[in-house]
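Sharing a structure with you now.
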Amino acid sequence: MFLEKLDPEARGRFAFLAYDQGLEHGPDDFRGNPESASPRFVLELARDFGYTAVVLQQGVALAARRICPEVARVIKLNGKAGLARGEPYSPLLCPVEYAVSELSARAVGYTLYPGSEHEPLMFREFAQVVRDAGRLGVPVVAWVYPRGKAVANDSAPEVIAYAARIAYELGADIAKVKWPGDREAFRWACRVAAETKVVLSGGPTTESRQEFVDLLTQVMEAGGAGVAVGRNVWQRPLADAQVISKEIVRIALGR
Amino acid sequence: MFLEKLDPEARGRFAFLAYDQGLEHGPDDFRGNPESASPRFVLELARDFGYTAVVLQQGVALAARRICPEVARVIKLNGKAGLARGEPYSPLLCPVEYAVSELSARAVGYTLYPGSEHEPLMFREFAQVVRDAGRLGVPVVAWVYPRGKAVANDSAPEVIAYAARIAYELGADIAKVKWPGDREAFRWACRVAAETKVVLSGGPTTESRQEFVDLLTQVMEAGGAGVAVGRNVWQRPLADAQVISKEIVRIALGR
Amino acid sequence: MFLEKLDPEARGRFAFLAYDQGLEHGPDDFRGNPESASPRFVLELARDFGYTAVVLQQGVALAARRICPEVARVIKLNGKAGLARGEPYSPLLCPVEYAVSELSARAVGYTLYPGSEHEPLMFREFAQVVRDAGRLGVPVVAWVYPRGKAVANDSAPEVIAYAARIAYELGADIAKVKWPGDREAFRWACRVAAETKVVLSGGPTTESRQEFVDLLTQVMEAGGAGVAVGRNVWQRPLADAQVISKEIVRIALGR
Amino acid sequence: MFLEKLDPEARGRFAFLAYDQGLEHGPDDFRGNPESASPRFVLELARDFGYTAVVLQQGVALAARRICPEVARVIKLNGKAGLARGEPYSPLLCPVEYAVSELSARAVGYTLYPGSEHEPLMFREFAQVVRDAGRLGVPVVAWVYPRGKAVANDSAPEVIAYAARIAYELGADIAKVKWPGDREAFRWACRVAAETKVVLSGGPTTESRQEFVDLLTQVMEAGGAGVAVGRNVWQRPLADAQVISKEIVRIALGR
Amino acid sequence: MFLEKLDPEARGRFAFLAYDQGLEHGPDDFRGNPESASPRFVLELARDFGYTAVVLQQGVALAARRICPEVARVIKLNGKAGLARGEPYSPLLCPVEYAVSELSARAVGYTLYPGSEHEPLMFREFAQVVRDAGRLGVPVVAWVYPRGKAVANDSAPEVIAYAARIAYELGADIAKVKWPGDREAFRWACRVAAETKVVLSGGPTTESRQEFVDLLTQVMEAGGAGVAVGRNVWQRPLADAQVISKEIVRIALGR
């Protein structure tokens, strides 16, 4: 509803640089490229290559307040560490109000785990996030990952389509989902998401840059609205990260 | 108490077009008729055939704000995805106040799962919904589905009658229940619901249109107040959906 | 503390007509006398035979607002359906404030299940009900049924005495307990309840009217303050219900 | 911090007459001396023999408002029945504000069960009680009983010392703990409680009065600050209860 | 963000004297040096040897208000006893506001147990603590101990690095972590903590003073910002405690 904040020309295309993996996966993600342990690495890439926004948790956003302030921030409102097993719950850590007023959020993000025993807590928090964001005029990005013992295959086509639809039913502006395996499945997910834009969740670093570029090309051909990429960019050394960033932004944003 | 909002002539008959299955069952429900993935499909049917109202979740209501605004909306206040197993809980996602002031709700809906281990949470939320709706002057529709390991057969006559009575005891204006198998059982459910109106929950698409029409006829003969139908309408291609809609509205509303 | 609302002459005797079984047990309770499915049946009996008050849930009280408004209402503040097994919890559904201001409550009722794993939730809610009712000047009736896997026999003498004492320790004006099997056990329950009045919980319909009348007589001889009766009245056809009502009111209220 | 309310001469010695066993253990505790079922029995003893205060639950304090109003009340803020098994939780039933303003509390009491799975709920409530009581100027007495499947022996010396220390770390003015078996163990508990005063929890009635008097003597010699006694007083017939009260007050208060 | 409160010269080095073990471990920790059962022991050491601050729970801070008021206090906001087994949860016991306004907190502390089933409760409380502390201008110290059945080895290098990163992602100014076994592992933890300072958690008393001094030296060489030490100081007799304090402050603060 408020996508102009992220997309002033209303082109409906997005390239997010995700940087909440230090919390979600742990700092082993930074091993291959230790420079990436500091948010400066991603903020400068975003500034230099024209990503739509960088995704940060509250603490990182606070500490990096003065780094590249011209780069738009999506504040990730909930989060959890990757240690615990069992039915996932990612609690709201940062209210929309604080993200907007203190962390200059241009958009807010929230992860949903439909199918988890704790789904009710997340659906309820997310629905409130949608209303709060609406009141404050910022768009909402939903990370939607069906998970828990009820979900056998979390990237099956019908599961990805369901993820996209849930985002729409609850009021997300943008849904971030995994790749369901082929173009037709992604196209169906985009269709059932109706007015909600669907972007690809980048996932683990692919063997080659080209592999990821090809994947993103399929996403855009299938009606996707772009990508939220992290490891595929910042796990590569700077020169590589710059090359792939140029490609990603070109394909996702079409410029 | 406030049925005039939905029923200005106080005829006590209702034909709701339910469209929350994208969340509750998932988008596979739209496979047979992909047009139905957009709320425009049901909103236009409702406009053209005189349904009492369309049932929408918060997100869909937000996204479809400008489509057929003359069609009345029942905002479904709680919801869950159909993935998780175990004792069901459908949390309140949207407060009555927001439904009325921001989503132009002409009525509100809430699903109860009596018998679930989480029944207390739903009874408590629903009782508050009744009071909030009373204060704001909108009627309350209760979806009542006894469920959980304590409920062997969720459409046994005594279970359906219990469902209808619970709606009445807690303060619903309208109860939506499943078909208990025969007319006498439905009549008893209507009787024990006292002042609360009882409508049929449409359920899965029947083999033929006629089958559903016959079922609805029995409901009305047994003292039912109409129907909340979804898949039996919008899972059919447009021409079929139009034919059955005409029949449904004629039987349920008697015109 | 505020018994004058129910007992203006301070005679300390009460005859309540309980009508929350549609929720607690289900509408099968109305099978034998279908007239009883409407609250009109009990409200007219209460009016005609001088019961102290009728006990209603929020929804019934709302729907029956205009029926016999001169009959005093005890609004039952919590409730649950009889479907679920396991440790019982009956959640607060209606705040004292609403019961008094919108439902004309002359008293409020709340069921406690001491011994249940969920006892803490109920004790906490009840203690708050006592304070709210005190502030608003209405008396509190506690239904006290020790239950859960920790309670082997829920009508053993020591269990009934404990039930009565709990009501007193938490601040109830009146405790409703089951029959502990004999007069001496009931007398002890009344003694340990100290200033809290103890009334009999009527229970299932007895074989004959006389059987119930004899039971009530024993209650009064043992120092009981009356009865809260339901099925033993309204499961009988009207003529019978009238005869037993006359007896109940005569014995319980002594007039 | 506010002990002057209970101890105007700052002598640091206390003799509490505990009367919350009707809730915690049940009315079987009154069997031997039925007079004790009414709070008048303990209130008059407290008045006649100079106990520091009587300990009452909300409901008893309300009902006994006009009995011996000159006797100081410690309002017990949390409580549970003795029926349920499993990990104990005693919920806050009465806020400090109400205890002070409506029940004339001269001090407030709260039971902690460290080691229980529900410890976090009680620690959190208790820490809030400490702050509320501080604001309102009344002292806080902590009943501290380590319990739950993690606690093999709830009166082992190291467990009693831990109990006393917990009271201190969380901010209690007075800790009530069980007898750890010998004087040295009690002395150590008093030492690690630092500024928090430690009183003996009276426990079940001893065979002879002298046995209890000897125990209390050891407590005082070990640096204890007195006793909170119940059954050892009011389970005895009046004459006996008077004799032992005289002894208790003499030893505990030193007068 | 507000480290100047603890570190006016912005040297980025800290020596905390931790004294919350009476709650977390129990008073057996004081056995070897009974003087340490009183906070006076640590407060005087802190005053005499220039520790940055002493760490106290609410109750100790209240009781010790007038002892060495010139020594800075870190108020530990959450806590639990060491009795219970199972997935740990340390609840917020003291709000930031109270710590600052009533207990003169110069900083606040909170323990996180990532990996515990109760992680969501702690992450949520901690994120709120960060915002409250920011508003009130006090720095936040996070004790970060991954734990629970999901964590096989709570001091493995990757676990310690994850602990430090979590503190950063959620907004801590200082992270307190265990020793991961070697200098390189600690250095990596400091790197991934980015702007968050990392201090060593002192742990159990080492065989010799020198052993602890050597450990601290490695911490500082690896980029650590100091230490939060407790037992290694106050479990030693006064003379020893003074000698090691001098060493600790010299190495940690570099003076």
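First chain written, first letter: the chains are A, B, C, D and E, and each begins at residue 1.
We take it that contacts are C-beta pairs under 8 Å (C-beta built on N, C-alpha and C of every residue); 3 or more make two chains touch, one makes a residue touch a chain.
In this text, all values refer to a predicted model and were calculated from it rather than measured experimentally.
Contact with both chain B and chain E is made by A.
Centre-to-centre separation of chain A and chain E, using mean CA positions: 35 Å. Once the centre of each chain is set as its mean CA position, chain A and chain D turn out to be 56 Å apart. The multi-chain contact residues of chain C, meaning those touching 2 or more other chains, do not exist; every residue touches at most one other chain. Taken pairwise by the contact criterion, the protein chains form one closed cycle in which every chain touches exactly two others. Chain D makes touch with chain E in their complex at residues 1, 114-117, 119-121, 123-124, 127, 130-131, 134, 146, 148, 150-151, 158, 161-162, 164-172, 188, 191-192, 194-196. Those residues of chain D lying in contact with chain C across their complex are 20, 22-23, 26-28, 30, 34, 37-39, 57-60, 62-63, 79-81, 83-86, 89-94, 98, 102.
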